[in-house]
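Alright, structures below, take your time with them.
Two complexes, one shared chain (chain A), two partners (chain B, chain C).
Entry: the complex of A and B
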């Protein structure tokens, strides 16, 4: 009996935590192939986490890298399941598949005009400033003085911060060069954050809210009917902390106010209209008591949540926007699909923090190992992957990724940045196939 | 000085698994883990062994005296998480 052959689809936190759990057990020998659509691993750690949150990105160097480079793990980058290899073929080539593809779509506001030019999803903006190759060519108009963000989660605050933080601070991060340039030339002075509910129901976390206190030259205003003393709110500990911070933000005076963030709670956008007289968009909003107003702006970003997309060959729950499953075992109308698993956002919906995926993946991997132990997994019929590898235009291996990684870090050294991201597919593929440049001692990169 | 978890925490809970005195919360099997913003260290029970510091994959854990200035208040935040929990559920 050879090792249990497992394909993990997606190399973000969900997939990598699944790999960790598979490799940390010693009962069953495994051989893992990780399929990744991009030439680069790490999913939202690379394309989602804000560039000024570099501490969180340490998880790749301090944890995931050690699993990715294990001898019984193969990284197959630049391979898209569904395009380069079908689900059915994959299912016949492995004992088990784990889909860890995340939530690639966005919730809509469901209002007229939300797709007008100038109105985007926050995901598009985040992917753009983080240098995701599929989004790097989007053209955001940052020339107007005002942007409106709809939603009050951490993504909304990330975006508000990136739009207002001094550009010199961003210039020390791994933000994509094209975004740095656009933000340097931005005429933006004010970011309005619209919350449909009150400030006590806001979805942002305390740490993200508190960060606004440290934004240099940025004044924050809070318009909320329910902004009251924490002790009188009757809210839980988390909510009381948020109220205390909102009050501090409200009363704090920014030195040399350059920019302003305005929270408007209990404000519901009803339409987005193109302004007939001036460039830009008008967002019509209603308050709780039927009053309405117009906010004129150059940019609208909706940050009201991500959601999963269907995958060819797998069942899909169109209401919850995820793959139906029982503890990670995919289950549809025809019962449980043996050997097919999900983990992360496509399993439980887009919620929780990075580490939530560890617990989630643990449950999925426990199911998989139990199925292996009890003989519920079918032997692979053929090694289709070998054929794919022979014919595919270019698969990026772990060594290929190491070449990209080293090149990016080397470029960053001279600029005092952790890395300068390569954002074009052709550039990434060229780096992957070149010999890695010598790593300077100041880089943390391990041997390629 | 006890250790303190700063906001870089991603709730990876390697710290919970290694802590010899079980003073880090919420762990993956506790109610509230799924909604947790981050994890916290109980300053009263922490024995200052530092095991959590080594295993944290994002280096989010500092001894209280070496917290970066911008996160100086997190010693209070960590403590008040446990005070609040105790007020609601009694001593654990």
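Entry: the complex of A and C
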């Protein structure tokens, strides 16, 4: 009997933690294929984490990269399940499938005008500045003096920070070139962050909020009825720390104030309007006591949560926007689907930090191994993947990714940046197929 | 029913108190013992993970005999009875001796024997019965300089003045990273708590290290980033500054030491300015440190593994002793002193009379703690003039642990008989004719007493075996005795009343204790009185005149090398890369190499760590496979960036390269590469004074490797 053949769909943290747990155990021999829609791995580590959070991305160098190097792991980049190979075919080619596809969609505000030109989801904006090939050509109008962000989570703060941080600082990060250029020419002076609830209930984490204290030349104003001295709040220490930071932000004086971030709590957007005769958008906002006001801006970004998308051939919970499952085993109307698993956001919904995926994946992998042990997994009936590899226009292997990675890092060297991301699909595929990545001549490879 | 057993860890020096819970004859948990009066529940992952070693299905459980020739990479082992195993081994050893003489049986002892009390105390007598063949071991791999140094300076190799971290106001830590290693030749639990306490009482620690180490925190002190293998020049410059600028108490020195003029004469050329050229530390900074050391209410110094493993470890150790002496910190509370321990170790480790050096086939050598230089082992095993035909390995793994892996394997190939006594089927075991299964420490009775002379909070503890040994695992002393019996030689098994604990009882008796008394005490533990710093002078100087030797004449052998090394370093190009060794918190050398729990991310392999600037200058990036070349060999490894390294310094970890450990399934799956392939062996590969191997500060080049797999 050969090894247990497992396909992991998605190479973000959810998928790679699943790979880690599969590699950790010795009881069952495994052969893992990782399917990735893009030519590049890492999911939201590459396209979600803010470019100025370089430290957070190092987990790929210290952890995930080593899983892709394992002899029993294959990376199959530029292969989209549902487009290049169907779920059904995949299911018959492996003992088990683990979907780790994340949450590709976002929550709507449910208000009139939110789809007007100039009103976007923060996810689109984040993917754009991080150089995701599907989003690189979006045109964000950054010429107006004001942007409105709806929502107070960490994504809202990421976006506010990227919009206000000095461009010279961004120029030392791996932000996409097109975004850097657009931000360099931006006329933006003010970012308004709208929170439906009070500041004590805001969704952002303290660490992310505290980063605003270090923003050079940015003044922060906090408009909140419930901004009181931490000692009087009666809240837990997390809330008290949040209040203390907001007060520090409020009282902090920025030298040479270039830009401003204004938190407006207890403010709910009710409509987004566009007037044919003036550029920009008007956001109509209600406060808690029924009063209303209009905020004129050039850009609206809704940051009220990601949500999962259905996958052809798999059940979907339309209320929770995830694949229904029991501890990671996919379960639908027809009961549990043997050999089909989920992990990460598509399993539990879009919440938690990067590390939350580790525990989540452990639960899924334990189920999978138990099913293997107890003979609940069906033998693969054919090796469609070999056929796919023979006919697919261009599968990006691990070596292909190494070529892309090296090419990006080489480009970064001269600019003092960790890498210059390649953002066009054709460019990425060309790099992947150039077997000898360009490196400076000083390190000419020898094969003694 | 669950029962709780108080015991102690035997992975490294602190031997932290542990508590095991046993249910249905199996150990179900193993953690730090909160009730222990000294270690108070502190322990590290290595101790906790020893339970995984205990449960490892890949362990040796029965005596095994090899059926196929050694030329085949993978051994074909079959289970054999103890009687047959020792019978055959005894017969073959006697035959080898008959044909090739008394020196034909060599012995290698590994590091773990120090923590195996019935082995450690009985080993000298037992091994003596195996003839007069050469002994090798791990002492000359990582600490030979300290033993040879004390031997000459204090007249006893066992005198190891340790820093009094419980009281000091200034701790100068050279080549040690207590947060990760938990210190060596010094037994202290939770060292970081002790370092934080120094800061809390108004003092500080200064770390001399090529890396911004984990031990340096805002609560302890800062690192002065030195270039690798230049510690001697730094320390000599501190002595220079003390002698020629700051001044010292001549009366104090005269009362306790001799040959100060020799020291002054030696040190006069080693100025801070000269040191600054090779160390990368400015003369001003060296002077500042010397001044701080002298003006602190008390100051302690320690040189450790990072220094030991360089080319000038003995001279550096000497300078450290002199800094302590000249500043009046030797034998003083808060300074350095060698605790007397439960029994006067210094008297038992007294230097033999006469010149320790003799001419060998491979040039002048000496024995350090009875051992030949480990890096001469491959040469000596292949000698035609002094044929060695058999090797007995007691808890060691020379095929993997000693530099020059390929030469060692070739030498082992040529032997007629290899016998290993171990808890694991190691890479050496894979090459052996017989692998004999030893008990692990959870299966073994022990007394923690051999290290009381390096403890600041001396305590002795008895532990019963927590569970009976699995299969046919036996005590190491028993195994050696059975082989001797089969050779028809005296052994500990001749007298049915012979007690393997007799040596330990004798040590305990000095402290008015016995194993029986320990068993009656809570946690089977006795606390000894706080050590008295003045013992340093009262008991610990074993030179006939009772004086510390500030300039042992035999050290002059090392003077030319110190000058040559300085010349070589000062003319090296600025971008010369130096390879140092880096220990991780997960393992001690090869220990725990077979535990799957550690094989995550970067720890699935043995990468090359490099400063990002050096990588950028060479066009190298994380994820690249690189080719590392030294004058002695080459390796391929994955590159990982590490901004904590000084620019110009690259690091790898010892204890990897499990590709030949065919019985260790996890280790074999994650083999990593063996850094020993980059290290020198043979004549010239060790310090001529102490026989300590050159293990760190190795010149290497690093380039991209063409193969991308």
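Going forward, the second predicted complex is superposed on the first by the 434 of 448 C-alpha atoms of A that agree within 3 Å, B and C clash if a C-alpha of one lies under 4 Å from a C-alpha of the other, contacts with A are read in each partner's own complex, and residues count from 1 in each chain.
Here is the rule we go by: a contact is a pair of C-beta atoms (placed from the backbone, for glycine too) under 8 Å apart; a residue touches a chain by one contact, two chains touch by 3 or more.
This is a predicted model, so every value here is computed, not measured.
Enquirer: Which partner does A:63 reach: the first (chain B), the second (chain C), both, or neither?
Expert: both
Enquirer: Examine A:238 and indicate which partner it touches, taking first as chain B and second as chain C; both and neither are also allowed.
Expert: The answer is first: A:238 touches chain B but not chain C.
Enquirer: Look at A:402 in the shared chain and tell me whether it touches chain B only, chain C only, both, or neither; answer first, second, both or neither.
Expert: second
Enquirer: Please indicate which partner A:286 is in contact with in the superposed arrangement: first for chain B, second for chain C, both, or neither.
Expert: neither
Enquirer: Regarding the shared-chain residue A:413, is it in contact with chain B (first), chain C (second), both, or neither?
Expert: second
Enquirer: May I ask you to decide whether A:205 touches chain B, chain C, both, or neither, giving the answer as first, second, both or neither?
Expert: first
Enquirer: Where does A:352 make contact in the superposed view: on chain B (first), on chain C (second), on both, or on neither?
Expert: So A:352 only meets chain B here.
Enquirer: Once the shared chain is lined up, is A:24 touching chain B (first), chain C (second), both, or neither of them?
Expert: second
Enquirer: Considering each complex separately, which residues of chain A are in contact with chain B in the first and with chain C in the second?
Expert: 62-63
Enquirer: Give every residue of chain A touching chain B within the complex, in rising order.
Expert: Result: residues 53, 55-56, 58-59, 62-63, 205-207, 210, 214, 236-238, 241, 351-356, 358-359, 362 of chain A touch chain B.
Enquirer: Tell me, which parts of chain A touch chain C in their complex?
Expert: 20, 23-26, 61-67, 69-70, 399, 402, 405-406, 409-410, 413, 439-440, 442-448
Enquirer: Which stretch or stretches of chain B touch chain A in the complex?
Expert: Listed in rising order, the residues are 7-13, 28, 33-34, 36-38, 57-60, 70, 77, 80-81, 84.
Enquirer: So in the complex, the part of chain C that touches chain A is made up of which residues?
Expert: Its residues touching chain A are 596-597, 599-602, 604-605, 616-624, 627, 634, 638, 640-641, 665-666, 669, 703-709.
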